[in-house]
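Each of the next two complexes has chain A plus one more chain, namely chain B in the first and chain C in the second.
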Partner chain A sequence: MPRALPYLLLLPASAFLLVFFFYPFGLVVVESMTRDGAWTTGNFTRMTDHWKFGQAVWNTIWLTAIVVPVQLVMALTMASVVQKLKTGRSALLYIFAIPLGISDLAAGLIWLAIFEQSGFLNSILHSFGIIDRPQLFLGYQSVWVIFLAVCLAEIWRATAIMMVILVAGLGLIPKEYNEAAEVFGASRWQRFTRVTLPMLRPSLQTALILRILMAFEVFAVVVALGGTTLPVLMGETFQWQFQLQDRGVAAAYAMVILGLSVAFSLIVLRLLHVPKGARV
Partner chain B sequence: MSDLSPSGNEPTQPVVHSGPNRQAVHRAGRLLFGAGIALLVLWVLVPIWFLFVNALSSPSEVTGFPKRFWPSFDMESVAFFWNFQGVTNALWNSVKVATLTMILSIGMGAPAGYALSRFDFPGKEFFRVLVIMTRAFPLPLLALPLAVMFIRTGLDDTVLGLALVHAMLALPFAVLITYSLFSGIPAELEEAAWTLGCTRLQAFIKVVLPLALPGIAASAVFAFVISWNEVFAAAVLTIENRTLTAFLLQSLNVSPLPLKFAGGAALVLPALIFIFAVRKYLFAMWGIANR
Partner chain C sequence: MKTGLKITLLATASALISTSLAADTLLWSTQAKPIEETQAMREQVLAGFDGEVSFEPADEGPWQTRLTAELTAGSGSIGALGALHGDFTGVSDGLSDLSAIDVSSVAPGFVELGKLGTDTQKYIPWMQATYIMAAHRQALEYLPEGADLMALSYDELVAWAANMHEATGEPRFGFPAGPQGLKHRFFQGYLLPSFTGSMVTEFRSDAAEDAWNSFLALWEHTNPASTNFSFMQEQLIAGDAWVVFDHTARLADAFNQQPDDFVAFPAPAGPAGRGFMPVLAGVAVPVTAPDPEEAAALVRYLLEPETQIATLRATNFFPVIDLDLPDDMPASVQAAGPAISAMSGADDALPALLPVGLGSLGGQFNQVYSDTFERIVLAGQPVRAVLDDQAEALRRVIDEAAAPCWAPDAASDGPCPVN
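Right after this comes the complex of A and B.
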């Protein structure tokens, strides 16, 4: 009985993973490569031939390329600030962590309140006398403003998750390392780049991978701020599934998102390679 | 600028400070530090403040210009949102789905977490890799094929069907979090209970569970938040029984601004409370997710 016990305990979770992860996963793969029961690459050609495909891919990648590095720097700053603080630490941590609980849709609506025509950005500009009538920021004539607003909303929303992971990671680094470096005359900046950052590698890895995956799934923020004016991969997946009722192409999009996710996860793993013996 | 640089950038160069100068640098540094913190806090809080200003102002103020930065506490927008066709239903659905997600993911995840922390057995590493692997797949996309499967089994457009998908999102976290929780409770406590005549189950219920309960509650709240916030799967899998996120998403381009902002506030408010409730565990939870 004791030997079977761990397997019994794992059974519900394993069975669930099988039915709701591996089975649908297999179905998406098959669906992306078949049409009316026959194997075909038609879904993929149909996807790539559509004029929005290239835009969706590039918008998603650009968004990730801009947002993730900014977030990394901000999250590192927040985490170090919190580390150094003696009083008010938990209050500050709570405030910094708030966006963690806020959905991407809500974040989109929050930034819509700022960017929409009668929104707060216009009001602020007005109160400074810069403009005298509200400007239309989120129109299709100025897609780049939508892009910028989405960037801000994403940075605002998802820095918290990186910050939390990095704070947790900083807590795992033994204090002695930093003290030793200080004894040997390392400056604050040197201690940060030569001691803290390398020791933080496992956490950086987790934070970056998680965040990059999330960035490829960007969806509701974009819909809230720009409707379908700014095509992104997840949004196009939704469009094909819903508006165009074409599950094959939607599945093909899912494959593209999966491919990008796996590729970038591997890159991060490779760049921030942590030798097995060096884990904290 | 030059008299500020010795504060840390060039340690090899011995710089001698006169007393007052050094103090001034120190004070300037502290001021800068404080200003930085204030800026970061404002960056997080001000956008939320704006949303609530909108939600707590009358519809004419929401669409009016220029805006005031203080709410008029006119409940018309909130009332409009509350009485809007389908809102209360969607809100209720969100609560139901999230509660069910919570129960499902902890119910399945906690036993698995316990097994991983207490037993060494063949296949353990395989299971762990399996769980971590699920993180590399954009899980909301699983809703695409499941939509068909659910139609066949009658689970389409039901609270349970959506909760099952959300549980898939939350399960890996539940496993990893409970794994670390149980690992943090010394096995010796349990063994002591066995020698005192407790069965394995009794020892678990009387010794381990009370110690683990707050942490388990925190991870349950986390599962709740995951489900409460999920948009894509909810929008794909439900039509009649939409959750609040799906409802808001699908009426985005037709609904008036006051509805959007009141809806946004309704999404944010519970999040503020949830994060406050689990704040102590947030970091312990993520510390182990790294390993």
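Right after this comes the complex of A and C.
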């Protein structure tokens, strides 16, 4: 085998990445720091001066801070349950993974159909006689309801992706460790926290990073449920690029999302660091 | 899409060939571009003209380029121009004086706009579209004492909404404040001009503060779900709102589906007048027209009542003159027509035009007004502080575009000032 072969095989993918990812990415970086051809921080000040910027940052961070831990716990539980099953394992796996097959906009619309004024929730409450006329849940006066609805939709939609990764991770852990712990009299909980979780760290890392990146890019679900009432970073990026036609500020927003993503990925990598010698 | 493009190309090509062969009067237009409207203009509107006309629509870019080229060359083949007010502002010097044409039947506010800030009649108003108010008939019984539906004031509108709210226990006013709603047009063309006589210059004046306070009072009686409303015809039909504001095209379904249930009426008036935002198209004659006499005759023909009605059928733009519409018009046209002519012909009519000269900054200009609304009304921030803050944003957009003032603001030399 010629020594160049691996590189040759990697070349098409690398070229693709260079042309369609790194090059446009570089353009966006430049775009965020220039205005009319001159270097400036104007795009960033214009972004931070806008009254919705602070709200957008905090809403995005809060969404991530609430959604991701809930999903982590749920995904761990679901993965453990699936792992323990003798029969019907793949059937359950498929059922859990159904929301994965739905686009995020469609997921947002499904939850909109539940929460809107003429939606399912109102019909159910009405048919039970709890309310006498349809309530407005997703109004501007109750942003927290919109926030809650977005959390629900996000949890429903994206927990499965973490679960799938964790199921794969659980499958990689050799049975002997658990059996040895059992022999020494460790309880179920002890085995989970002392054996399974540490061994699962690489998969947890992947799942968390993937999910946090997705959380910072949350967009379609928020737009479907809250319109512009609940500003998030990705929504503002879209707004500045297409509604306000200011690519510089849109690029600045993209930089903020990138910065947050990198920072949080580094934190996760650091927290779940696996020493080289301890890798399975 | 592709076939549509091909057809347009073919049509343009054939139109170019036909004009180069015959010595017709060429009507070079940015309006009636869709192929159906173009055909209707040729076959139903212009066929009745006593002379040969060739109607050729084009996008704003090519329209401007060809006109400028002919003006620069000092001779040309364009006989008459059809375009929006904003299209004419950049070529004002190339338009001949049409003061000789009788415009007594046209709403005076529009005639004034046709002068483009000069002493001569640069273009003759041709057709218009606009935003109006509509109400369910059952709302009419709550009209405040002595109020005339065809000449409401903002105070009366607020009182009306309050009456309905009190009597039915529900806020019944509806406003298109959803993401796709045209709320910014209401603030730009209706609310602010009615109180300040201005769209830009007096943005943060005391009168503007009054305007926003008046809107806050109206908002008390507005369906809070309005922040999700975009096409008010839906809420009218569903009964979620009884009195609404929107573009005529976004109200049409309500009138066409239940013609007996709804009425259309003019926008209310404030202390400075009855602000409204017409999308106004006009016809002009360039100084290089090969046959100015024939072109002027064509302009006169377009102003005739029958032609105006034929134009309405062809383009869905309303007449600029006051006339009775025939009975076979769609219900939406029947309903909106009188409201529009009452609004544009009112003594206190104050036309406020679509922004001119902003180019790609139009979105940011609109955002200033939407942000002001969201901050004052939805976020409950103090009116004075928000106006001062948003005035800065407005000034930045106007300065960046270097856009001079447009009606109703007085003409300016440089970028339109924000006081």
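The criterion applied here is as follows: the second predicted complex is superposed on the first by the 279 of 280 C-alpha atoms of A that agree within 3 Å, B and C clash if a C-alpha of one lies under 4 Å from a C-alpha of the other, contacts with A are read in each partner's own complex, and residues count from 1 in each chain.
Note that a residue touches a chain if its C-beta (ideal position, glycine included) is under 8 Å from a C-beta of that chain, and two chains touch if they have at least 3 such contacts.
Source: prediction; values computed, not measured.
S.K.: Is A:Ala38 touching the first partner chain B, the second partner chain C, both, or neither of them?
M.R.: neither
S.K.: Look at A:Leu244 in the shared chain and tell me whether it touches chain B only, chain C only, both, or neither; answer first, second, both or neither.
M.R.: Only chain C; A:Leu244 stays clear of chain B.
S.K.: In the overlay, answer first, second, both or neither for which of chain B and chain C A:Leu136 touches.
M.R.: A:Leu136 contacts chain C only, not chain B.
S.K.: Tell me which of chain B and chain C touches more residues of chain A.
M.R.: Of chain B and chain C, the partner in contact with more residues of chain A is B.
S.K.: For A:Trp189, using the defined touch cut-off, is the partner it touches chain B, chain C, both, or neither? Pick first, second, both or neither.
M.R.: So A:Trp189 only meets chain B here.
S.K.: Once the structures are superposed on A, label A:Gly227 by its partner contacts, choosing first (chain B), second (chain C), both or neither.
M.R.: both
S.K.: Following superposition on chain A, which residues of chain A contact chain B and also contact chain C?
M.R.: Touching chain B and chain C on chain A: residues 116-117, 223, 227.
S.K.: Which residues of chain A touch chain C in their complex?
M.R.: 51-52, 116-117, 136, 138-141, 223, 227-229, 243-246
S.K.: Which residues, counting only chain A, touch chain B once they are in their complex?
M.R.: 3, 5-7, 9-10, 12-14, 16-17, 20-21, 23-25, 27-28, 31, 74, 77-78, 81, 84-85, 90, 92-106, 109-114, 116-120, 122-123, 126-127, 134, 156, 164-165, 167-169, 171-172, 185-190, 202-203, 205-206, 209-210, 213, 216-217, 219-220, 223-224, 227, 234, 237-238, 241-242, 247, 250-251, 254, 257-258, 261-262, 265, 279
S.K.: Okay, in this complex, where on chain C does chain A touch?
M.R.: Per the touch definition, chain C meets chain A at residues 178-179, 224-225, 227-228, 240, 360-361, 363-364, 367, 371, 374-375, 378, 389.
S.K.: What residues of chain B sit close enough to touch chain A in their complex?
M.R.: That would be residues 8-12, 33, 36-37, 40-41, 43-45, 47-48, 50-51, 53-54, 62-67, 69, 107-109, 111-112, 114-115, 118-119, 121, 123-124, 127, 130-131, 134-142, 144-149, 164-165, 167-168, 171, 175, 200, 225, 228-232, 235-236, 245, 248-249, 252-253, 257, 260-261, 263-264, 267-268, 271-272, 274-276, 279, 282-287, 289-291 of chain B.
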